[in-house]
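After this come two complexes, each holding chain A, first together with chain B and then together with chain C.
Let's look at the complex of A and B:
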């Protein structure tokens, strides 16, 4: 009872104090938050003014504010060309596939690591799985090349010896959806695993103890306890990933296929297209426009996904 | 303060006295004659009385574009330069080394952010027309007329090519701008295997060479994963919009006035077919499309015989190897075209505080051989050494700058080429050769013409993508059927809108010729 009455009393007194007094009461906390808010303002809000560049015929000497507007002309190059369909299709399909696959494999890896007994072994496996995440795309490109090179590739030569001939991987599009998916998951699984593992470690062990006493198998424990309790993390990561659906890992799509023209139909994404298209023209307005579109689409996806989630299960929604 | 003032006044008086002598008799070298280059003071910067010696000396910054050289001697070179510049044009020089990959962003962000920029290098990494439409650089005509006489004189033969829409925006470092297609090769190997390399070789001659080389286990050449059109080096021609002819081109630019899609010509098909036979016969390495080793490196190792390249009098200098003798043959006729002139230009940044002082320095670079040589090569004795028995040949070998970390930039050409020393293995005959080569060149009908494609950025970006997708395989001869692949390329270029770009280019070109 005492606990319940106290906040009420506090609330009543604060009403009596008036807005100024309330403000003064919370002032120390505001002050504590101030540096963070200032940082956020400088770093995340002031640059928003630069969004106008996407709608301007940018001139370096006139600067951002004085450059003339050219409405949506900067956006045309993304949609008017015949490549638009291919790059948007590639970007979205790869992302959708990888978001789902990343979840399944990430959770699986987290559960398996969690099953490993022995601190040293656990740390060892975690490091090994995480290592590719820390590698640069250029190094990964050469690792892949070491396997698939038409002349000296390990894998190509193995196929040549076993079957008499090997496909020319860097000239045939059919392999790349699989190669890219493999590389992406191999590279990214470690990071996802750590996020899920930290949630798993937060699960109350008594739940598992109780389940064991009731005779639940390992599989049942994970199905009925681990996965349901991971749901908030899964949904949060899913929504956040949707915000990146119009973007792509430039290094993966540009470096790993060695920028081979023959592979463009399956490796061209919005980012690589923008890079290749503007390599020569150096047009700030057009590249801002591309980035602007990516952000807008990501924003729409996040808000929509969140709306749907909050309709289904309000507590799991992000905001 | 008084002391400084007195000093400056004294200097002005002294200079005024000096200036009385050679004024009027403007000795700036006519580019056709071979005057002895490092002769010292030649010509007067600007006109008399233009330079104000009463003010505090302004510091003019100038870009110095190279790779990853340390440039440890920049301060010493600046000091040596300042002695001359303070006396002659009352300013000091700030040499700013820039990595070539950073050049476009350094310049554009510098202008946008109002950082100190005076003389910038234009045309090297981004086309001058683009820099003009982005308003990165200033029009120079008034400044040139007022205080750039020497610069105008040196570049007068290529003056029209320095102009965009009738205004001059940059002064070229390539006032001898003739270029032809060529093939650089391993001369030692050619002698050993009995390969006859001569000027005016044809594709068939190269094919024959490839056959001989194959017997000895050496590749004829390699194209890498390149989307520039190598045919240009075989046949010459005028290509608009860079080395792959994004805005169309002319096959015979000395006579043609019609701009066509160069990929839709029979000559191009024949060329690609020849390359395909090279590839099918094993004259080209199998993995060339994914091979990231540079052609220079393979050439040095003797893994390949040679490569097609642009031919100029000093081109061979970049293909020397300690292991063998290199040679170069001319394949197409020399041509004067705008793109060669605009490759190495000095321009003045739009946010330059004192364009007049920047122009004074540019003019001094073009009139004073000592300044040009200091800026280009550094200090004699530390950064380079004269080669004995020659007049103007220098070498880096045996100097502290042998590793190029003292003072070296591969991507700058300052001043009058006839004023500059030359690097071995070029010989003193260079000065005559370069003039002779220039005089033997035909002028492209489009000389002085530049197409500004700013209104067609949607089309040009799509075209650029198509070329990056389809051209490397054709270049490497790795397509199944050349005709089919060329048809596909041409169709894709059409869908990307190359016809609209070419039509606009033709209209602008006709207007240019009508002037």
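Let's look at the complex of A and C:
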């Protein structure tokens, strides 16, 4: 790919210079970009050829190209199992809930931090509230474990002391939609707050001044100015996020529930399934089929979301 | 009247922000206190903000076991430094190339980079390629190269900065003075782009420091020597999970770090980030708002 682009690029010569001279003139630029382009070729483009594995009876000894085709067998097996429905349902439902909740909480937090008087205080709040965003999923799993561990968890013991018994959190599915939602929002609210705050700060201050002169309360100002002016940004981000609906935060779903099989009905997503099938149960066929669906459907979602966004506001779209 | 409403909002906002700050910090405080708790107290009463007895035993254990943890630390540092340095240079160079408006083939190359943000082969082909073609399993390359080294998104951030925030005249005048492209890049473009490079470098650095997925995919038991701190923590977690499901077989209970030692190792893992982060918070927040421009 990288080799191909060069003659192509040199082909579009300008009028003044000859092809060779043009090529030599731009050569330093191409050489500068080359390492990055090669990396993307390896890391992102070669695996695309590997998508065919989903239609093959893959074995490591025969490799990607020599493994025999088995058409749609992998997909048949995948959809005959209960896993397919569960993981797709979980991925989509969690995503939709979290996108909406994340927006509501993020905007609320952004409006509120904007109301705090005093630069130092603002900066302090921002720094602290963003902290969880920087933590790896492994660390977050330890934090959650400190509260919910069946033997030494803080909450487990508190409940034991108060009510005489406590649920075994890591074995009961009912709690996990709430736990995961809480952890996800806990981790992301600082990010959302800063993101939306930058949009709020972009609103023309004279609008608020005029409203104040007209006697509008702060509450009315937010309802009539802040929210309506944020709306286009929010809709845009909402659509762009919907484009990612087939992807899930592998770390959150894999680490935080500590891989407990009893919890899979509410914690298995496409990403965790693909990983487990590939490396834990060694079922390359099922894994590649699920991975293939995620790639293709994800691509369609992203492109569609971008098409919609670029129709409305070209500068907000990815391409 | 109006002044009053502003003050009311200020108080309400402060209260909510204090609650959020408390929620953000509380788990870390518990983690730290748990690591200083006496082992038997932790086992009988559980982790607590106010343990009956404090102890340094967990840290004594860490010091005694420093061979394993120190190696993990060293690996984390090596991987983070090499990955961030190489990745940042590649990102800056590629971003610079794409920012040149008259470059022939620029649109195609741009699309080449953007496409990687849209379409992803997924774990299975990527894993099989890295393992069977490039043989990265159980090598340090498995920790550094896959997925983290360069992202199309960050390339685009850098490209936009070169394109929009540095006046083109500066490049032109350097070239007229006879500076080569490489020189122009190092002497004009780079010094003027420290804010974006700091932001991107910080994001990459944190991604490497926190990474455990590459270790999960590309290190097996044979590669234990290459474990980073995150991989060690993950490994402890997996053993606990394994014990919980297969109580009778497999992992020996005495091989596992005790309840307080686990927390102490986690503290050792997060401490550097918590110490460094406040100084870089500015760049990090900037990165978020810049990302906001593009999805």
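The rule is simple: the second predicted complex is superposed on the first by the 202 of 319 C-alpha atoms of A that agree within 3 Å, B and C clash if a C-alpha of one lies under 4 Å from a C-alpha of the other, contacts with A are read in each partner's own complex, and residues count from 1 in each chain.
Please note the rule applied: a contact is a pair of C-beta atoms (placed from the backbone, for glycine too) under 8 Å apart; a residue touches a chain by one contact, two chains touch by 3 or more.
The structure presented is a predicted model; accordingly, all values stated were derived computationally and were not measured.
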Next on the checklist: Contacts for A:30 in the overlay, against chain B (first) and chain C (second): which applies, first, second, both or neither?
Outcome noted: second
Checklist entry - Once the shared chain is lined up, is A:273 touching chain B (first), chain C (second), both, or neither of them? => result first
Checklist entry - Touching A:234 in the superposition: chain B (first), chain C (second), both, neither? => result neither
Checklist entry - Per the overlay, which chain contacts more chain A residues, chain B or chain C? => result C
Next on the checklist: I'd like to know which partner A:92 touches here: chain B for first, chain C for second, both or neither.
Outcome noted: neither
Checklist entry - With the two structures laid over each other on chain A, which partner does A:139 touch: chain B (first), chain C (second), both, or neither? => result second
Item to check | chain B versus chain C as contact partner of A:287, first or second or both or neither | outcome: second
Checklist entry - So, does A:101 touch the first partner chain B, the second partner chain C, both, or neither? => result neither
Next on the checklist: Contact-wise, after the overlay, does A:76 reach chain B, chain C, both or neither (first, second, both, neither)?
Outcome noted: first
Item to check | Partner chain in contact with A:156 - chain B first, chain C second, else both or neither | outcome: second
Item to check | chain A residues contacted in one complex by chain B, in the other by chain C | outcome: 58, 60, 63, 149, 151-152, 170, 258-261, 278-279, 284
Item to check | Contact footprint of chain C on chain A as seen in their complex | outcome: 1, 5-6, 8-13, 22, 26, 28-30, 32-33, 35-37, 39-40, 42-51, 53-54, 58, 60, 63-64, 109, 112-117, 121, 123-132, 134-139, 141-144, 146-147, 149, 151-154, 156-157, 170, 186, 189-191, 194-195, 198-199, 212, 215, 217-219, 237, 240, 243, 250-251, 255, 258-261, 271, 274-275, 278-279, 284, 287-288, 291-292, 294-295, 298-299, 302-303, 306, 315-319
Checklist entry - Can you list the residues on chain C that touch chain A in the complex? => result 2, 5-6, 8-10, 12-14, 16-17, 20-21, 23-25, 27-28, 30-31, 34, 42-43, 45-49, 90-91, 93-94, 96-98, 100, 103-105, 108-109, 111-129, 132-134, 145-147, 149-150, 152, 155, 180-182, 185, 206, 209-213, 216-217, 230, 233-234, 237-238, 240-241, 244-245, 259, 262-263, 266, 269-270, 273-274, 277-278, 281, 284-285, 288-289, 291-295
Next on the checklist: Show me the residue ranges of chain B that touch chain A in the complex, using the header's touch definition.
Outcome noted: 104, 108, 111-112, 126-127, 130, 134-136, 225, 227, 242, 246, 285-287, 289-290, 292, 350-351, 457-458, 460-462, 464-465, 468-473, 478, 492, 495-496
Checklist entry - Tell me, which parts of chain A touch chain B in their complex? => result 58-63, 76-77, 80-83, 145, 149-152, 170-171, 258-262, 264, 268, 273, 276-284, 286
